[in-house]
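Next up: the structures, one after another.
Common to both upcoming complexes is subunit A, partnered first by subunit B, then by subunit C.
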Partner chain A sequence: MGSLFAKTMAKPAAGLGAAKPTSAGIAVRQLTINTTDGGVPIVRGISFTVAPGSILGLVGESGSGKTTAGLALLGYARSGLKIAGGSVSIGGVSMLDLPERELVAMRGREITYVPQDPATALHPGLRLRTQMAECLRQPSGAREQALHGMLQDVGLPDPARILASYPHELSGGQQQRIAIAMAFAAKPQAIVMDEPTTALDVTTQTRVLQLVRALAQQHRTAVVYVSHDLAVIASLADQVAVMYSGEIVESGTAAQVIGRRLHPYTHALLRAVPDPDRALWLEGLPGQAPDPAQRPPGCVFAPRCGLAEPACTTQSPDPVLAEPDHMVRCFRAGSLHIAAPRLLPAVPRPAQPVSPLLRLTAVQAWHGRKVLHDIALDIAPGRATAIVGESGSGKTTLVRCIAGLHSAWTGEIALAGQPLATKAKARPLEQLRRIQYVFQNPYASLNPRQTIGQSLLVAARHLRRGERISRNETLAVLASVGLPAAVIDALPGQLSGGQRQRAAIARGLICQPELLICDEVTSALDVSIQATVIELLTRLQAERGLTILFVAHNIGLVRSLAQDIVVMQAGQLVESGETQTVLSAPIAAETIRLMRSAPRFGAAAQDEFHDGAALDASGMEAKPLRG
Partner chain B sequence: MMTVRTWLRRTDWPTVFAAVLVILVMAIVILGPFLAPQSPTDSVDDVFALPAPGELLGSDVLGRDVLSRVLSGGWRFLTMAGAATILGVGFGSLIGILAALIGGILDEIIMRLADVVLAFPQLILALLFVSFAGSSLSLVVLVIAIVHVPQVARTLRAASLRVVGEDYVRYSESIGLPRRRIVWLDILPNVRTTLFVELGLRLTFSIALIASLSYLSFGAQPPSADWGLMIHENQIGIESNPWPVIAPVVLIALLSIGINVLSDRLSRRRGKRGRLQTAAHLAPVPAKLGETA
Partner chain C sequence: MAEAVRAAPWQGGWGWISGGTIGAMLVRRIALGLVTLLLVSLVVFGATQLLPGDVAVAILGRTATPARVAALRAALHLDRSPMAQYGLWLLGLFQGNLGRSLVTNTPVAQDIAGRLHNSAILVSLTAIISLPIAVVAGIAAAHRHDKATDHALSAVALSLSALPEFVVGIALIVLSSLVIPHWLPMVSLVRPGHSPLETPRILVLPLLTLTLIVFPYVFRMMRGSMIDVLESDYIEMARLKGVARHRLLLVHALPSALPPTIQAIALTLAYLAGGIVVVEYVFGYTGIGAGIVQAVVSRDLPEIQDFTLILAGIYVLLNIVADTCTLALTPKLRTGRR
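On to the complex of A and B.
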C-alpha cells in the first residue's frame, strides 16, 4: 500500500505550473487547526517563515501542538482535526488552497516528511532499493547511480548491500538515515522532521543531526524540525519557535531564544536540560499543558508560571518584538534574569569503606551470542550508580540479570552478601522485595486494566506477605512521588507519560526496596518531565537512603543524578568510578566518545551569562507583531 | 445534554439491530415452553396440515403442532450450544494462554497437536467422535467443545503472546508473582475482548454444529422437540407444509446473525477506545504521511 502511494506522489504534479513560485522556502501565516468535534483550537494562529537552507526548530512539550502544526505544512490534519484557517506557502505555492489531488502531488515532491519512528516510515516488505527508487525523479537508467548517491549523502557505506536489504535488517540509526535520504532525494523545497532522533541513542543522534544540517545547506532546503529537546534544537536550528498550548510564545534566532531567552516557559525548558560538562541541578516544570478545551483565560502559561501576576490570569498577552526578529508573548518578559545555574552538591564517598549492597563477580550473559564478558562490580549502598553505554553495550542485560529477568547468565551476583538465584522465580520473597525494577517505557509497564492503586497493591501484598497495606499507605506512597490522591483510582490510560512513570516508581517504593533499578526511565519522556523524574529520584535517594542503579545513554543526565558511574562498551566494563572524576577526566576511549557526542548548547550557550542577556523594562516598549 | 439528533447519530444501529434479534430469539427460547398452546409431542391434526387458526404454523410429519414444537424445541438446543461453547472456549483459552506464557517446547507440542486436529473439517471431526462414542446429548456437547479447543487455543495464544511481551508482565515476573496470578491479573483482563469475540463466534459455530448433528440424527432423538431434528424429520413434507422446516431455520439464522454482528461490533469498539487513550505524541504516525518521504 505504501509503495503505491509513494508512486502516485513521485509523479510530476499535474497543473502545478499555473501556480508560479513567488517566494522560496516555507511561509506560514495565522495557521489555525481545530478539532472537528466542537471546534476546539489545537493550533492557534501561528506564523513563521523558513528560508531555503535554514532550519527552524519547533520546540514544546507533549500536547503543545507542535506535531499537529508540522503536519499541517503538508496540508494534512489527522482524523478528528481540520485546518480551520491561515495559509501555508511552500515554495510560493499556497498549500491550503490546492485541491486534494494537487496537494497529494505536492507531498513527496515539494514537501516531505520524516516521522519520529523510522520503522513506520519504511515499508517492511520491500527491499530498500525498491522503496527508495520510488522517491526519485530520475529516469530508470540513472536510478542505480542516484541511489548510491543518496546513501553516500547520508554516510551509509556498502550501498549494494543496503539496497538489497529489508528495513528490519538495519539498525534504527541506519533506518532513520534512509528515511532522511528519501526525504531529501526528491530535492523538495521543504522538509518537516518530527523528532527523528528521539528513538536513537546519543552518538547516533549527533551523527543524524550533523547530517540534517549538512543536507539542508547543500540542497537549499527549508527544514522544520519538531522536538521537545532544546539541546537538540540548539545544536541544529538557525531559528527557534517555542510552542505552548497551540501558540508560539517565543521565537527568534537560536542565539536570541536560547541565549537571550525572555519567556518564563523558555527559561523553564532550559533549566530542565542536563549538561554533560557540569553536574547541573535540573529543575523540572511541574504540571501539564492545559487541556485545549479548558484553556485558562489570560496567558495560557500562567497556571504553571512562577512570575504570574493578576493581569496574567485575565488578559492574554499580545506578541511583542523585544529586538528585531525576537518575538515574545509575555507581560513579564525579561523580568527573569539568567542566573548562573545551580550545581548539585557533591556527595562525598564515605571515609571508611562500606560493604557493597550488590557485588557482581565474573558475570557473563548470553543472548544467543555472548553479550556480557566477565563483569565485576560493587554497588555502594545509598548511592546512585549510573550504567552508561551505547545501545547494544549490554547495560540493560546487566540490570536484567540483577533483577532475575534474564536467565542465561553465569557468575555471581550477591545482594548484601547473599548470592542471588539466576531467575527471579527462584529467589525468596525477601530478596525480591529488596530489588525493584522500573522499566523504560511507562506506556507498557503498567497493566492497562488495573487502576494505579490495584497495581501497587498487587506488588505490595505479594512482597510484604502478612502485612496489611492500608489505602492511606498507598496514598502516602503516591504523594511521595508527587501524584495526586485521585490517581489511586485512575487507569494508566488516563495518565500522562510522566505521571505513569511516577506511578511505576511508586509501585517499586511501596514494596520498601533497598535497590531501585531504573532502566532508561526517562527516555520516553519530554525533557521537562525528565527533569522532574530526576528530581524525584534524587529526593528519594536522600530521604529513604535508597540505592539507585540508573541505566542511561545520556551522559549529561547521568551527571545530574549519579554519584558513581560505570561505562560499558560491547559487553565490557571500560571505566568506572565517581561520576565527577570520571567525566571531568575521562580515560577510556568510549567515555570520551560519549562525552563528545552528548548534545550541548554550543555557540548559543556562550551568550548565557552575558549581562545584556536580561532585558530591562525600556527594551520592552516594542511594537506588536500584528494588530 | 444529548439532543435527539446527536443520539440518533451516535447510536450504533447495527448493534441495536443485532441486540434486538438476539433478544427476540432468546425470548422465544426461554419463554416458548410456557407459551406453547399445545403439547409439543401429541398428534393433534393430520400430517403436514397447512397453517390454520389454532395451528398458526400447521402440523408436522406426525401431525404435531409446529408452533408448539418450535416454541418448546429451542431451550435444549441452545443450552447444548451454550454449554459446548463455554467448555470449548474455556479449555481452549486456558491452553492458548499457557502456551503463550510458558512458551518453549510445551508451546510447540500444543500447537502442533492443534494443527493435526485443525486439519480435519469440524463437522467430520464431530461425526467421527460421535460415531465412536455414541450420541448421548452430553457426549455431543463434549464433542463439540473438543472440536472448538484447537481453534480457540490458537486465537488466544496469539492475543496472549502480545500481552506476555509487555513490561507489566515482565514486572510481575520480576517480583516472582505465581504464574496463575499472572494469568488471572495480567493476561486475562487484557485478552478480554478477544475472549468475548471468540465466545460469540464459537456460539454460532456450536449452533450450526448441533443443528447439523441433529439433522444427521446424532443429536436429540425423536420424539423430543428440537430445532435441528425438526428440519431433518420434516424435510420430506416441505412441499405440503414448509413451516416445520422454515421456522427453525429462520430462528437459527437470525440468532447466528445477531451474535455475529454483536461480537464483530465489540471487537471494533475496542480499537476506537484504544486510540483515544494514546497520548498525542505517541500516537502512531498516519501511514499516509509516513510514506511521503
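On to the complex of A and C.
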C-alpha cells in the first residue's frame, strides 16, 4: 500500500524535475477541444500563462468555450467533447500526456476546481467531513485538525457542526466557502474557478472574492477565474483574457484590457456592465454568438460588430501585440473610439402627488417564521420601482404576496384603491390581468411542450375572456419585446436564455397589465444579455406607461433602470425614495453596505463614489423620507 | 430561489410525527399500512360475497339434503348478516384463528404455513442470488455506458425480459435434461410437512428460472439510475477532485443510485411472493401462488381471503422496508433545511 502510494507520487515529481525551472503555475499552449462527433472545434488553439499567486480572468458569454477551456486544465472534457491538441502544463507537469492514473493523482492535489453551483456540485448524501477529507493530501493523521484549519481559512465558524452537516443544511454562501476551502485544501499549484459567485448575492460575492484573492496570494496559487461578468473580473484578476466563439480575442493585464481595450467585443461587454455609482445607459450586445458548427468566414465577431468592414468578413485576423503583454485579434483595433458612457436622463417626479397604483399597508408575511414585518409602501403609477436587498431579506416574498402567489400574509394590499384578496385564486380575473409576473429563471418558467405562441395565448385567453386574440396581435407583442416573428412557432428549448426571458415578458404583456413584476429576471443571464433586457424594460415603461416592480440584488443594475428604490433587510423596509438620491447619499446602514460591496471597475471608481457621496450630502434634506 | 417548506407554527406537540426522522416515518407508514390492510380485507370480503350461488350447496353438491346444508351454513356462519360474518372473520384474524378450509376441513393456518415457508425459501434464495448479480451488472454497464460491456449486458437483459416465465422454465427443463440428464429433477415436489431445503436439488431449476426473470428488471433499473447519477454535477466534481475510481463508484455514486432500485426490488420480491404461479405450476412446487389458484378453483372462501390478506401484508411490509432504506440513503429527506 505504502509503496504504491510512493510510486504514484514519485512520477509527477520526476516530471517536474525534468521540466524547465520557470514552469511553476499554469502554461497553456494552443489548446484545442473538439466535439467527438464531427470534430467541431469548441476551443480553438488558446494559449496563456498564469504565474503563481496571480489570477487570470477568463471572460466571455455563454457558449464562448470558457468553461470547456477551464475544465481542460484538469485534463477533463465533458461527454461529447475531447481535447484534440495543444498542451497544458501545471507546475511543469504536462497534463495531457499523463496516463489516467497519474492524471487522477494530479487532480485534487496539484490542480483543483471550484464549481459554478456548489448546491449541485457537493454530494447531497455525504457529510461534509467525508467530502472535505477527500481533498487532503495526507489521508489520515491530524485529519480533524486539518479540516478545522480549512474551515477557519474560509471564515466559517463552528467547524464541528459544519463537518457533521450535509450540504443542504448550509446556505449558498456557506456551500461556496466549503467548495473554495476544498480547492485550497491540498495547497495546489493551480485552481480553476468556474463562475463561483454567480449563485450568490452581492455582499456574499464580495466576501468570497476577497477570500479568493487572499488565499491565492497566501498560498502562491495560480488561479484561472472563469466568468461572464467583467465587473467581477475587473475587481479580482491581475490578467484578463476575453474569449469569443472559442478563441481569445483580447488579453493583457486587467488595466490594459479594461482601461485601454482594443477589441470591439471587449468594449461591448464593458458597455453592458452597470455602474453602482452612476445611472448608466446600458448598451446590450445585439445578436448571438455563432453556432460553433457554422462559424462565419473571416472574423467571427464581424456579424455583430459595429466597426466591421468588408475585409473582416473574408479574412481571419491574426493576434497582434499592441503593447507589451497586450494581445488583440482585430483588424480595426486602432479605430475603437472609447467615448464617455452615456447617462440616463433623469425622470422627474410629477409636480403634484398622484394616487398610488399599489398601496401596501402593514403587510406581514410568514414562511413558518415571520419574514415580513409591517411593510408600508406606495408604488407610483408609470414608474419603475426597484426592491433590493440580500438574499433572505424578504424582497421576493413581498412581490409574491402582491401577486397572490404567497398566501400566508396579513395586512392590506390595494390595487388602484381596491384591496386584493390574499390568494391569487380568490382574485377576480380583472385584477389578475392587471398584475403580471415574470419569473427569475426563463429556463423553468415557460412550458417546454408549448410553442411560445401557445404560451402567450393560454395566458391571454384566460385573463382576457371573451376577447379574440388574433395571431397578428401575438406577433405584435413579440415584436415589441424584440423577438422575430418566427419565434411564435418555436419551442422554448430552441431559444437562447435572453430570448426566453423576452418571451416570458411578452407573455405578461399580452395580458395588457398595468403592473409588471420582474423577479430577478436578469440573474440567470449573461451581462451582455442582461443589458438588452434592461433596455427592453426601459422602453416598455416609456411606450406603454407600464408600472414596473423590479426585484434585484444588483445595485448597479437598479440604478440603470428604476426611478424609485426600496431597500429591504431582514424582512423590513429600511430605506426608500428616488433611486439616484438614495444611492448617491445612502442613509440606512444596509444601503451603505450594499453600495460598498457592489463590484466596480478598480479603485478609481471607489474614490468617485466617496466623492459623490460627499457632494450629494448637502441635498439630503430634499430626499423623500422612508416608508 | 427555492424556499423550504417549514412546519407551520400552529402545529402542536404532535409535530414530530410529520417530521423527517426515520422513527416518525416508520410510525406513519405502519399506521398507514394497517389502514391499507383493513381496506384490503373489506374489498376481499366484499368480493367473495359477490360470488354467485350458495357456498354450502357448492361444497356439498346438489344432492345434499336441506338439513345438511343448513347445518353447514350454521357452521360457516353463513346464516349471519354479512357485517357479522366480516366481524367474525376479523376477530378470528386478531386471535390468530384463520378459520378452516372448506375443502379439506383442516385449519387454513396449517396449509398457509407450509406454503408460506416454501415460497419464502424460494423468494429469499432468488433475492440472495439474483439481486447482487443484477446490481453489480447494472453498475458495470453504467460505468461502461455505451461501450461493449454495456451493449452486451443490455442485450441479454432485453431478450430475457421479452421471454415469458413459463418459456424460461420449460427451456431450462429441456436444456438440463439434454446437457446433464437425470441430474436435476424436472419437477420440484415438496413433501407436505417437510422443508424444500431437505432436498436442495429440487430448488435448482426454479431458482435459475426466477433469477433469470428478476435479473433484467433490477439490472435495467440499476443501470438507468446509475447513469443519471454518473452524469450529475457532484460526480463530475468528485472526478475533478481526483477521487479514485472504485471510491467514486461505490461511495459517491452507488448510494445515490440505489433508492430507485430498492423500490423496484421491493415490488419484484412482493411479486415473486404471490405472482410466480406459472413457475410454481411448471415445477409443481407448492407455494403461495399455486395455493391461491387452488383455493379459487375450489371456492375455498376462508383460504382465498386469508391468502389475499397475507399477500397484501407482504406488499405493505416490503414497501415499508424499501422506504426506510431510501430514507436512510437520502439525508436530504431526513434533515430539514437550516
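One rule holds for everything that comes next: the second predicted complex is superposed on the first by the 578 of 627 C-alpha atoms of A that agree within 3 Å, B and C clash if a C-alpha of one lies under 4 Å from a C-alpha of the other, contacts with A are read in each partner's own complex, and residues count from 1 in each chain.
Keep this in mind: a residue touches a chain if its C-beta (ideal position, glycine included) is under 8 Å from a C-beta of that chain, and two chains touch if they have at least 3 such contacts.
Quantities reported herein were computed from a predicted structural model and do not represent experimental measurements.
Student: With both complexes superposed on chain A, which partner does A:Thr120 reach: first (subunit B), second (subunit C), both or neither?
Tutor: both
Student: Of the two partner chains, subunit B (first) and subunit C (second), which one does A:Leu432 touch, if any: first, second, both, or neither?
Tutor: first
Student: In the superposed arrangement, does A:Leu285 touch subunit B (first), subunit C (second), both or neither?
Tutor: Once the two structures are laid over each other on A, A:Leu285 reaches no partner at all.
Student: Touching A:Trp366 in the superposition: subunit B (first), subunit C (second), both, neither?
Tutor: It touches subunit C, and subunit B stays clear.
Student: Compare subunit B and subunit C by how many residues of subunit A each one touches, and report the one with more.
Tutor: In the superposed model, B touches more residues of subunit A.
Student: Just checking: does A:Leu262 make contact with subunit B only, subunit C only, both, or neither of them? Give me first, second, both or neither.
Tutor: neither
Student: In the superposed arrangement, does A:Ala386 touch subunit B (first), subunit C (second), both or neither?
Tutor: neither
Student: For A:Tyr76, select first, second, both or neither according to whether it touches subunit B, subunit C, the two together, or no partner.
Tutor: both
Student: Once the shared chain is lined up, is A:Thr396 touching subunit B (first), subunit C (second), both, or neither of them?
Tutor: second
Student: Examine A:Ala105 and indicate which partner it touches, taking first as subunit B and second as subunit C; both and neither are also allowed.
Tutor: Second partner only.
Student: So subunit A touches subunit B in one structure and subunit C in the other; where do those two contact lists coincide?
Tutor: The answer is residues 71, 74, 76, 78-79, 107-108, 112-113, 115, 117, 120-121, 123, 135, 182, 440 of subunit A.
Student: Considering the complex alone, what residue numbers of subunit B touch subunit A?
Tutor: 166-168, 170-177, 181, 185-186, 189-190, 192, 277, 279-293
Student: Which bits of subunit C are touching subunit A when the two form their complex?
Tutor: Counting only subunit C, the residues touching subunit A are 1, 3-4, 6-9, 231-234, 236-245, 247, 251-252, 255-256, 329-332, 335, 337-338.
Student: Would you mind writing out the residues of subunit A in touch with subunit C in their complex?
Tutor: That would be residues 71, 74, 76, 78-79, 104-109, 112-113, 115, 117, 120-127, 130, 134-135, 166, 168-171, 182, 366-369, 391, 396-397, 440, 519-520 of subunit A.
Student: Can you tell me which positions in subunit A touch subunit B when the two form their complex?
Tutor: Going through subunit A, the ones touching subunit B are 1-3, 5-6, 9, 62-63, 67-68, 71, 74, 76, 78-79, 107-108, 112-117, 120-121, 123, 135, 179, 182-183, 194, 228, 403-405, 424-425, 427, 429, 432-433, 436-437, 439-441, 443-450, 455, 458-459, 462-463, 493-494, 496-497, 507, 511.
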